[in-house]
Each structure stands twice: as C-alpha cells, then as structure tokens.
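Structures incoming, each one as structure tokens.
Shared between the two complexes below is chain A, which has chain B as its partner in the first and chain C in the second.
On to the complex of A and B.
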C-alpha cells in the first residue's frame, strides 16, 4: 500500500476553552478527491487552518495531534511553509489582486526574473520580470483548465466564475503541488461553470494531485468524490468511500441533532390569529458582503416566531440587516400594509421594528458605555423617550436609571449595577442587554440574529426563553440562527435560505433529511414535503 | 461620447487646474519669455521631489507627507558640508553621499512608525513631519553652540546659540544646473538637472518591472493577499519609505543648489505639502500615481505659482492677494483632490453594488 499524501491524526483544538475539534482523523491518498462536508461551525475551516499553519492557530496555542505529508510528520508555522510543502489552497474569498492581470496574479510572488545590471549590485529582488515566460506558464495552466481568456487581461471586471479558475490556475502552476484544498469553490459559480469546474477537478485528480474539496452542494459531492468525510460539532461523524453514502444520508448526518422538545412545551399560547400577514417581503435584494440576498419573497404572520436558517454565506442574516437598513438593499417590504423605506434605519425603527444584531460587539452595543445607556439608546434616539421635555432634549437620568434597574431585574442581567461598562459583561449578559434594549422600544416586530452565538450554555437557554416570553407578550419574532436545533426548539415555521433565495419553509418537526437537503440546495418538491 | 465623458471625469483635476492656469496666464499678462524662464527654473527645482512620492503611493501607503524627513536629511548634510567647506559639483555629490545614510535611517524609523499606523499613513506621516521639524529645530536652534560645540562664523552668530537663519550656499550654488546650460532667449535650460530627473523617471519606470517593484504593487493593492502569498508586507513598506526618503533628500539638495541659500528653519517646511499638491494636480490619487502625472502636476502647479502674484495684481489690485492665493490654492488642491477621490471611489462602489444586485 502506498503512503497517503496527507494524513491528519487525532487532531483536537480548542479556542479559549471551547473545544472546536475532537480527535479528527483524515487521510487523503494520491489522486483522490476527498470531500469534506459539514454544517457551519462543524470545524471544517479550523481543520484547514491547522493544515495551513495559519496564525490564528499558532497564536491560540497550537493544536493536538499530528499532520503527516507523504508519511513524514510536519509542523507548519506559517502558510508559506505549507505552500512550500506542496499544499495549495483556493480560499472561499478570492485571493486575487484586482489591479493585476491574470498572469501577474498567477505568478504572484513566484515571478520569473532575469538578472540585470542592478540586480548584480542590489541582489536578486532587483531582477527584471520575465513577462514573456510568466505569460507562457500561465497560458499552460489556463489551457489545462480549458480557459480561453487572455493571460494579460486585468482581473478586475472578470466574471466571478473566471476568478475561481484563475485561482486554481495559480495553484496548479506550482510545480510541487501535491494537495489542493478547495474551500466551497462552487458557491459563487453558475451551474454550467460548476459543471466545468467539476470536470477540471477530476482531470487534476487523474494527473495525480489529490484534492480536498469542501462544499455544501451534496450532488457535487456525489459527482466527484472518491471518499467522503462528514464533520459535525467538531467531531468526525463518518468517513468512507462514496459508495457507502446516499445524498439524504449525508444530509441527515450533517445536520442531525436531537431536538430539544422540552423547550417547545414552554410555549403556552400559540399565535391566535394565524394568517394575518404582518410583514410582507417582496423581491428583497440585500448587498451584505458574504451574506447577500438575491431576491426573496416571504410573509411573516402576526404573533408567530419565524425561524430563518441556512448555511453561512447564503444570506440568512442579510434579511434582517437589509430590512433594518444596515446594508444597502432593493425591493419592497410592507409592514402592516405600510411600505418600509429601505436603507433607512431610522424609519424602520420608527415603524416599530426592532433588531438584535448578530454583530453584538460591533453594531449591537456601545461597548464603552454603561448598561443603562445601552438599554435606552435606541428608544431615546428614535422615539425620543427618556428625554426631559424642552428644546434641549436633555437625558432624563432618573427615568433611565429606574428603567435600567427594572430591565436588569427582568432580563436577569448579571452585573454590578446599571453603571457598569458593557464591555466587561459576559457574552450572554451582553446579549440580554441587547434584548432589553429591543424590548424597551416596545416593538411589534422583533428581528433577532444569532442570539446565542458565543455565549455559554446556561445563558443560551435563558436568552431563548426570553425571546419566547417576548413573543407571548404579543411581539412577532423573526429569529435568524446558524443553529438549526435552536430554531427548531422555539420557532413555529423555519425558512431556509440558500444562495440568497428562499429554498423552502418547513415546520420545526420536519425530518432532518429535509432540512439537510434544503440547505444543500434542493427544492421543496425534491425534498418531498409531506 | 461616453468615452469623452469618461476621459474628462478621469482627468477632472488636471483639467480644472489647466483652466485655472490659463486664466492665470491671461490675467497675469506676463511676457512669454519670462514665463518660460520661470517654469523651466521651477521644473528643474521641484520635479525630483515630486517624483520621490510615487513609490510609496504604489506600495499603498498614500501620499508620503514624511518626505519632510528626507528634506531634513538633505539639509543636515548640507549644513555639515558648508561647515567643512565642500565646494563645486564634487562637493554636491559628496553632500548627497553624506545625506544618504541619514535619509536611510530616517526612512527606516518612519517606515517602522507607519507600519504601526496602517491605513492612516498620511496623517501619521504629516504629524511625524511636524515632530521631526521640532527635533531639528531643537538641535540646530538650541543645542548647536550650547551643548554641541560648533563655532563657524559662516553658520553662527557668536552672540546667540543656534545656526543662522539663512545659510549661504554659494559654494555649491548652481553646480549641477551649471554643468551644461542651453540658452533660449533669456531662458537657460539646465540640461544635466533635467537629465538627472529623466534618469530618475526611467529608474522608477524600470523599478516597477522588477521583482521588488511587483511586490510593492501587490502590497499596495491588498496587504492581506500579498501576505498570504508569502510577501513580507512590513519589510516592503519600510523599504518603500526608505527609498522615498532618500530620493527626497537628494531632491532637496537639487532644490537648494538651485536656490543658493538655505532657510535653515523653513526650507523643509512645505516640501511635503507642495510636492503632494503638485502630484495631485497632475491627476494622481492616493492609490495611483504615475511619472507622467508627477511631471504634468509639477508643471501646472508651478505655472500657477509663477503667475498668481501678477494675476492677483491685475484682478485684486494687490500682489499680496496673489501670494496668499497660491498658498490657499496649494492646500485647496489637496483638499479637493482627496474629496474628489473619495467621491469617485464611492460612486464606483455604488455602481458595482447596483451591478451586483441586478445580477
């Protein structure tokens, strides 16, 4: 048996006490296409960061386990070392310089040079670029990929699909390339581009390069994979040859989780006047970098909790951010039959919409200010509450204090007092401050994004309980979360977003397979809704 | 039609100032011969300094307000060379040689500082210039003659500490310009100075065709991507500033050998702002500057400088107003160009957004 090109043995990693990878084993043989699938937060990126010796890993205390290349143990302390060892990576976000031509990008920092008078004196950095040779090499790489574009065309302005191929051209131009890591490369490609792309992958594999392919599109996995490894919550769920799996099995293994039926029972009242549409979203497009929405139609019923789910990068958090005017958007949004002006946060707030942002520390809170001020800030600004009457609009400190104390009590915020600086609070308590502020606005419709991200388990269930309590007081809630289990525990309906569009809406007790398939880009009909 | 529109909007700044210059020339009613002489003199003086700004722009560090440090290095070398009575073109070359290690040191320190202030290089560089000016004044206004024993009547007044306000540079005055001058009417073309400028322009052009130049450009476009592909970003940025500072030191020497006197405490003060204004008038931006833009900008800026006192005299009845006007113009240009640049990149972003959304 030949020695595998890559072997990762017993990899474990924790960030600040949270274990994100538990004893992962991964083996990739020569000429093999190995698909790595898993939900967001399953640990795929962390695993790749370890393989690449990224500084985030090194700076947070390294990892446990060992990495072997061709049977020899390696310890990469920088991406450079990994590249030198013959590992190439096509990142999810493009690593191309827009102002450079295709050739210049392909040959970036690997330029072919020729000596001149000055380089003899000042060293080889002063050697002149051999643009002709560079272009020849690039042409060869492009030809291998079946690309006809000119090698001197600037990268800026090329269609997105082409950029992906330029990235791969750069990697295969490296002579010592043994292992190519592709991180969700087809996410931005059109169908025909993706097809061409998969062809290229197979051709590369035949030429002896092994490929580690990270994707969410399960039909692609079935089309090209030799072996499949499924990660979930930092653990390896199953690994084996493609023949051992079916699409729906993979989907189920990817998202399957025990649903916490306990918390569902806590909801005493159900939405009474179901059917009354409170929010209508029509063809909403939101340009949120990395989470773009490309035209979505959605109705929110009065009194319900609507869950928004989907994998990262597909646009689920774009919805709330777009409607609340935090990112540029187009389309039509009707709230109680009244048009919500887009790109105007103030107007949205005035209409009675409230938003608890997923970016708690960036958008959600004024970190250096007190709990009290954070709680009243939005109401004070958009609804002119907590102000003394008069022209100067002075803050009514007394009112603010008493309201803050009340909120601290109601939301169970663990702090030294309303004057405490928000930065010093734990994540869970910060989130409670955000909720308290949203509640202070007395909203009729509340958007909550990733409410439990980065907070501990105890606080998690309390935050979810609070959301349910708010809902029971008559607030319609649209909750966005990467944790499907969480949505399924409190939501009445769950909309799954895929590639910026609505893939389908499922009841919380729908089987795992259906969720998995919707998240992987299958339509509701294919999923076979009951 | 669209192409014409794009051409105009891309060159809005040089066009605008071209028009202002033409108006200035019209109102100044200066004889052509005199105007030509002024322009040739000023181009020879200033082009080298303006060209020294190009490399940091390409390396993504914006407009290097820190060239003041280079000018200081040049002046320190010049003070020493005056003290040691170096003369002639040999003296000037020796001075340039002396200025180089100083400029390398200053550039290195500046580069280290700017690496701590990524994304805010321009304002940092500007304040750094003020700070360096303070140190320079402290040394030459106070320490020299008190702590540092220095007794040269050509440079000092014995009754008070510090150097003289103005230092006579007659030993090296015109040594570079005077090697070979071609006369045309009243105007003397300093051929060797222009040759030096041409060589520098050529060197910059060639530099961007080397490995190092390519690295600078990569760092300038995206530090993160350059870093991921193994380019040492911080080192390259320091190097870019060192090169710029050394060039500025030499540029200041060329400037001063033309003027012939050193205003010990003022000559360097506006080097940064004036060179940057000139570069911006040429149509350069914070992210892109070419040799052509540098030379064009130097021409327009100094044409405006040359005509504004007389234009002020005709229009406002006072040359003083013209004087004031040209300083106002220098700072105004920087403000307008930066605002135009911000506005252009914003409208570009908006255009690409609309494209994104409708796709």
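On to the complex of A and C.
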C-alpha cells in the first residue's frame, strides 16, 4: 500500500482546559475525496487549524499528536509552511481582492516576472510582470475546472458561485498542490453551482490531488466522498469508506449522544397545554446577517421550555434577536394576545420579555463593569428598579448590593464579590451573571440563546439546571442552542430551523436520525416516512 | 494593610506616581533657586481652578462613548458670547458673572445639540471630526466678532466703531470675582477659595449626575452600545446628552476661566482650548472610553501644577527661554502618550 498523502495521528487539543479534540486519527490517500462531517463545534475547524499551523493553535500551547505528509512528520508553525508543503485551502469566506482581475488574484504573491534594467540595479522586486505567462497559467487552471469566464475580468462583479471557483483555481495553480481543504464551500452556492462544483471536485481527485471536504450537506457527502469521517464533541465517531454509510446513519452519528452522558432530567412540573399559548409568532422575518429568518410561524405554550435547534447560519438565533428588536424584523408577534411592537426593544422589555444573548461578551455584558451593575442595569433602565425615590432618580447602591449578593448566592456565581469586574470571570460565571440579569427583570417569558457556548462542562450543567429552575418558578423559556443534546435534556419540545424556516417540531425523545434529517433539510413528512 | 496599599497604588496608577514624583522633584529644585515655592503653588491653584471645568467637560463625552471632546471650542465660544453680552451692559461683579453664565448655558445647549447631530452621523470618527469642528467654529466666529452689533466702546475698535477688539480686559467688570471671594493667604500661599469652591460644586454636580438613572444609562451606552440597545436604551439620545453636557460645561468653564484670567481673547484665542483639557483628563487616568470625575480632578491638578512649576524651574536651570517649547512638548507628549493607552484606569 502506498504512503498516504496526509496522516494525522492521535491529535488532541484543549483550549484553556476545555478539551476540544480527543485522539483524532485521519488519513487521506492520493486522489481521495475525504469528507469531514460533524455538527458546529464538533472540532472540524480546530482540526484544520492544526493542519495549517494557525497561530491560534500555537498561541494556546500547541497540540498533541503528529501530522505526517507523505509519510514524513511535519510541524507547521505558520500557514505559510503548510502552503509550501503543498496544502491548499479554500475558505468559507472569500479571500480575494475585488478590484483585481481573475489572473491577478490567482497569481497573487506568486507572480511570474522577467528581469529588466531596473531589476538588475535594484534587485528582483523591481522585475516586470510576465502578464502573458500569468494569463496562460490562469487559463489552464480555469480550464481544468471547466470554467468559461475570461481570466482578465475583475473579480468584483462576478457572481458568488464563480468566486469559489477562482479560489480553487488559485490553489490548483500551485504546482506542488497535493491536498486541498475545502471548508463548507457549497454553503454559499446555489444548487446548480453546487452540482458543478462537485463535478470539479471529482475531476481534481482524478488528477491525483486529494481533497478534504468539510460540509453539512449530507447529500453532497454521498455524492462525492470516497471516505467519510464523522466528528462529534471532539471525538472521532466513525471513519470508513462511503459504502459503509447511509444518509440516515451519518445524520444519526453526527447528532447522537452516548446514552449516559446526558440523561433527561425529571421535570417536576409539566406545562398545562390546554389552549394556553403565550407567544404567537406569525410570518416573522428577521434580517440578522448570517442568521436570517425567512418567515416563521411558531406557538409557545405557557410554562414550557421550547428548544430551538438547527445548524449555524440557518437562523435559529434570529428568532429571539428579532422579537427583542435587536435586528430589523417584520411579521407579527403576539404575546398574551397583545401585539409585540417589532424593532422596539424597550417595548418588548416592558411587556415582560427578557433575553440572554448568544453573544455573551458583546451584547450580554458590560465587560468593564461590576457584577452588581451588570445584574441590575437592564431592570434599572427599563423598569426603574433600584432607584431612590425622588426627582433625580439616584441609583440605590444599598439595594443594588443586597440584590447582587442575593443573586451571586442564588446563581452560584464564583467571584471575589459583587464589585468584581465581569471581564475577569470565567465564561460559565459570566453566563450566570447574564441569567441573573434576566431573572432580575422578573420576566414571564425568557429567551436564552446559546447558554452553554464556550463554557466548561461543570458550569454547563449548572447553567442548564438554573434555566430549568427558572422555568419551574413559572417562567416560560425559549432556549436556542447549537447543542442538540442539551436541548433534548431540558426542553419539552424542540423546533428545528432550516434555512430560515421551521423544518419541524420534535419531542425531545425522538430518534437521533429524525433530528439529523431535519437539520439537513428534509421535511417532517419525509422524516416520518423513513 | 499591604493589600490596601497595593489597591491604592493600582487605583492611582504608575504614570501618575511618576508625574507626582517628578513634580515633587521640581518643587525641591525650585526651593534651591531664588523662586518662591509658595508663589508657584499659588499660581498652580489658580490654574487648577481656571482649567478644571474644561477638563471636567471631557467626562460626559467620554462616558457617552463619543470619546474626548475635541470640539470643546464650540462650548467655549458660547461662553465668550455670554461674557461679552455681560460686558456690553457693563454688569459688574457677581451679577456680570452670573448673567454671562445664564446666557451662555442656553446657547451651549443649542450649539451642543447641533454639534451632536453631526457627531452622531460620524460614529467612530468623533474625535477627528470634533477637532475640525472646533477649528472651523473658531474660524467662522472670527467673522462674527467683526460684524457683531456690540456698541460698548470698551469692546469695539476705537477707530471705525465696528468689530470687537482682539483682547478685552475684564478688570472693570468682573475679573477675579470668584478668585477673590473668601480668598486668604498663609505664608505666601494665596488660596483662591471662591474659584476652588465653584469648581468643586460643578464637579459635585457631574459626580451626582453619574449616579442618576440617566447617568448610569449614559455610562452603559458608552461602555457597550450593544448591551445598551439590548436594554432598550436609545444610543443617540444619550450620546446627544453627553455632548450637550460637555458643551455646557465648556461654556461655564469659559466664564470661570475669563474671570480668573482677567481677559477675553477673541478671534484665534479659543483655537487650542481643547488640548490642555484633553491632556488633563488623560493624565488623570481616563482613557478614550472611560473617565470618572476623579480622573478629571486628579488630572487637572497634576497637569496644571506641572506646567506652572516646570516652566520657571527650567528657565532657572537652562539658559535662554525654552519654557514655552517645553510646555508644548510636555502637553502634546502627554496627549500622545495617553491616546496610545486605550485601557485607562489601573492599566494606563
């Protein structure tokens, strides 16, 4: 058997004590299309960052395990070194200069030059561009991809789909290219573009380049993969030739949990669902960049915990942000039969809605301020709490302190005291401050987005417990999370959002495969019929 | 005990310790020359009170997230107009001073509002735009000074009968009303009690404001606009309020400055008013994102004392008159230093 082009052996990596990759082995042979699938946060991008020697990895203490290219161990300390070794990458976001032509982009920093009078004197930085040769090379690369666009057109006006191809042309133009990493390249493509794209991938593989393909679209995986590797929670779940898998199996393996890791907590109260709809959402459209909602209808029952799930970029976090007026939205939202004015945060807060943002450090907290202030600020501003009586509306330090101490106790916030600056807290404790702030508003309906993102395992379960406790005190909770397992551990129903629309609502004990398929764009009917 | 000292040290910050140490050194050197240390300190006290409110004016704009108010001349000019009107009617003593302020404040509210309309459209560029708003307003007002319908012969050019003079004296109207109020002298050290009391009173008002609901809201808007929006606060409302407050403080600050200085300087006089104030608040430990009243007070004390003491001392030590150069180098160097420190507070 020939030596594989890429071999990653026993890769482990932790960030600040949180293990994100555990003993991953990955092998890619010559001319192979290897698909890497997994939920958001499964560790795919960390793995690729390791492969490329990105500075985030180096700065956080490196990694364990070894990377072999053509059987020789390598240690890349910068992306430059990885590129020199013949690894190419096409990013999800385009890395092209819009004002430059296709040729100039493809040949950027690898320009072909010829000597002239000046270069003889001032060195080779002064050499003239050999535009003809550059154009020829670019043409060859474009032809390989089956692209008909002219090599001299500026990139700026090209349709999105073409940009992806220009990026690939740039990579395959590198003569030593052996391995091409494609990070969710089809996410921005239309269906026909994606099809063409898959054709190109296969052609490239036939020419001997091996391809590491990262995607969420399971249909594509089945169409092009030779081998499939599934990651989940930083662990390799299964790896094998395509023939060993079916779509439903992949879906199941992607989202499934080991039974004992997350067991469903016993709920002491059940929502009374006799016609008690607290929140009605009708045709809600939210213009949140990257998480747009394109018309959604949803009912929330009194006293329940409603989970909102789905893959990143499909709009699940748009729901809460839209209703709370943080992003422009249109549609109709009724709370207790009363219309919630959209695009008006103050009005939403006044109605008794509260929101714990997914962007904890950006929106959820004033990082430079104390724990006490963070807990009371929203209530003080929107509900006039914690103020001394009188025209001046002076803040009532005594009340703020006693409330902060009480909250620190109740929410188990580990800190040196209410005066501690929030920036210095760990992620989990910051999240508890956010929850304490929302709880201080005494909301009747609480939106919580990504409450456990970026916090350690211990704090995670405490945060989830707290949410359940709030719910048991009579707060209706709408929780959005990328981690299906945590939704399933606490929610009563789970709505899956796909491409800005509601794909379906499932009970938490529905089989893994149904979740996997809903998240991959199948409808509830299709899911049921399997 | 040790921890408390460490905490005090951190709260004070190393740069301020160095500046204070340098000041002390200068004073010791001054003691060895023929300079009167008490005289130097008396001058310093006057300059602290004279410039204190300008420095204070930086606090609301920084807290509202607009950054340093380089457009301070906008407010200063409102102050000038107030003072001029009081002089036009030859109002003497406290009545002149108070009328000047009563006229200047509504003008400053209007001007601050207009200024905020512009600033709210250039988010992220406030300081640069503010600098040039200040310059432009000063230049534009030069035309006004020439055309303004003032009739009091003490104000206008003696020849031609129109247009205000470049430098006007307040000696006959209300120069020193605050400085001389309850002023006393101990062993050569003159204390301008009224001036310092008035400054303290204004500082107290600003301090109280930041303990009210609106003040807290302004602080939140400045510290994290996205958090503020998620708490239902209108960003532009509080930014506008911050700019108006800053402009009003500048206007009041001018009246105080003028009565202490004893002269009104028109035309290009107010051109550079923002810079010492900016340097002051930054030296006090503020950053472009956070400023407290204590930063403003500490800053004006350190900066103005340094300037008053450093100049005569360097002149004593070095041949030739380089004090003015030293002043420019020190004050601009301090602005440069402080602007490169985005953190402020205990990390500045």
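Criterion: the second predicted complex is superposed on the first by the 460 of 530 C-alpha atoms of A that agree within 3 Å, B and C clash if a C-alpha of one lies under 4 Å from a C-alpha of the other, contacts with A are read in each partner's own complex, and residues count from 1 in each chain.
Keep in mind that, in the parts below, contacts are C-beta pairs under 8 Å (C-beta built on N, C-alpha and C of every residue); 3 or more make two chains touch, one makes a residue touch a chain.
Worth saying up front: this structure is predicted, and the values here are computed from it rather than measured.
**Q** Identify the partner contact of A:368: answer first if only chain B is touched, second if only chain C is, both if each is, neither if none is.
**A** So A:368 only meets chain C here.
**Q** On the A-aligned overlay, A:3 touches which partner chain: chain B = first, chain C = second, or both, or neither?
**A** neither
**Q** Counting only touches as set out at the top, which of chain B and chain C does A:56 meet: first, second, both, neither?
**A** neither
**Q** Classify the contacts of A:120 with the two partner chains as first (chain B alone), second (chain C alone), both, or neither.
**A** In the superposed model, A:120 contacts neither chain B nor chain C.
**Q** Contact-wise, after the overlay, does A:277 reach chain B, chain C, both or neither (first, second, both, neither)?
**A** A:277 contacts neither chain B nor chain C.
**Q** Could you look at A:392 and tell me whether it touches chain B, chain C, both or neither (first, second, both, neither)?
**A** second
**Q** Any idea which chain A residues touch chain B in the complex?
**A** Interface residues on the chain A side: 79-80, 83, 95-100, 104, 108-109, 111, 113, 116, 118-119, 124-129, 131, 285, 287, 292, 294, 328, 330.
**Q** Contact residues on chain C for chain A in the complex?
**A** Interface residues on chain C, with respect to chain A: 208, 211-214, 216-217, 220, 223-224, 226-227, 229-233, 289-290.
**Q** Taking the touch rule as given, give the residues of chain B at its contact with chain A in the complex, in rising order.
**A** 206, 209-212, 214-215, 217-218, 221-222, 225-226, 228-231, 353, 356-357, 359
**Q** Within the complex, which stretch of chain A touches chain C?
**A** 324, 326, 345-350, 355, 357, 359, 362-369, 373, 377-378, 380-382, 384, 387, 392-395
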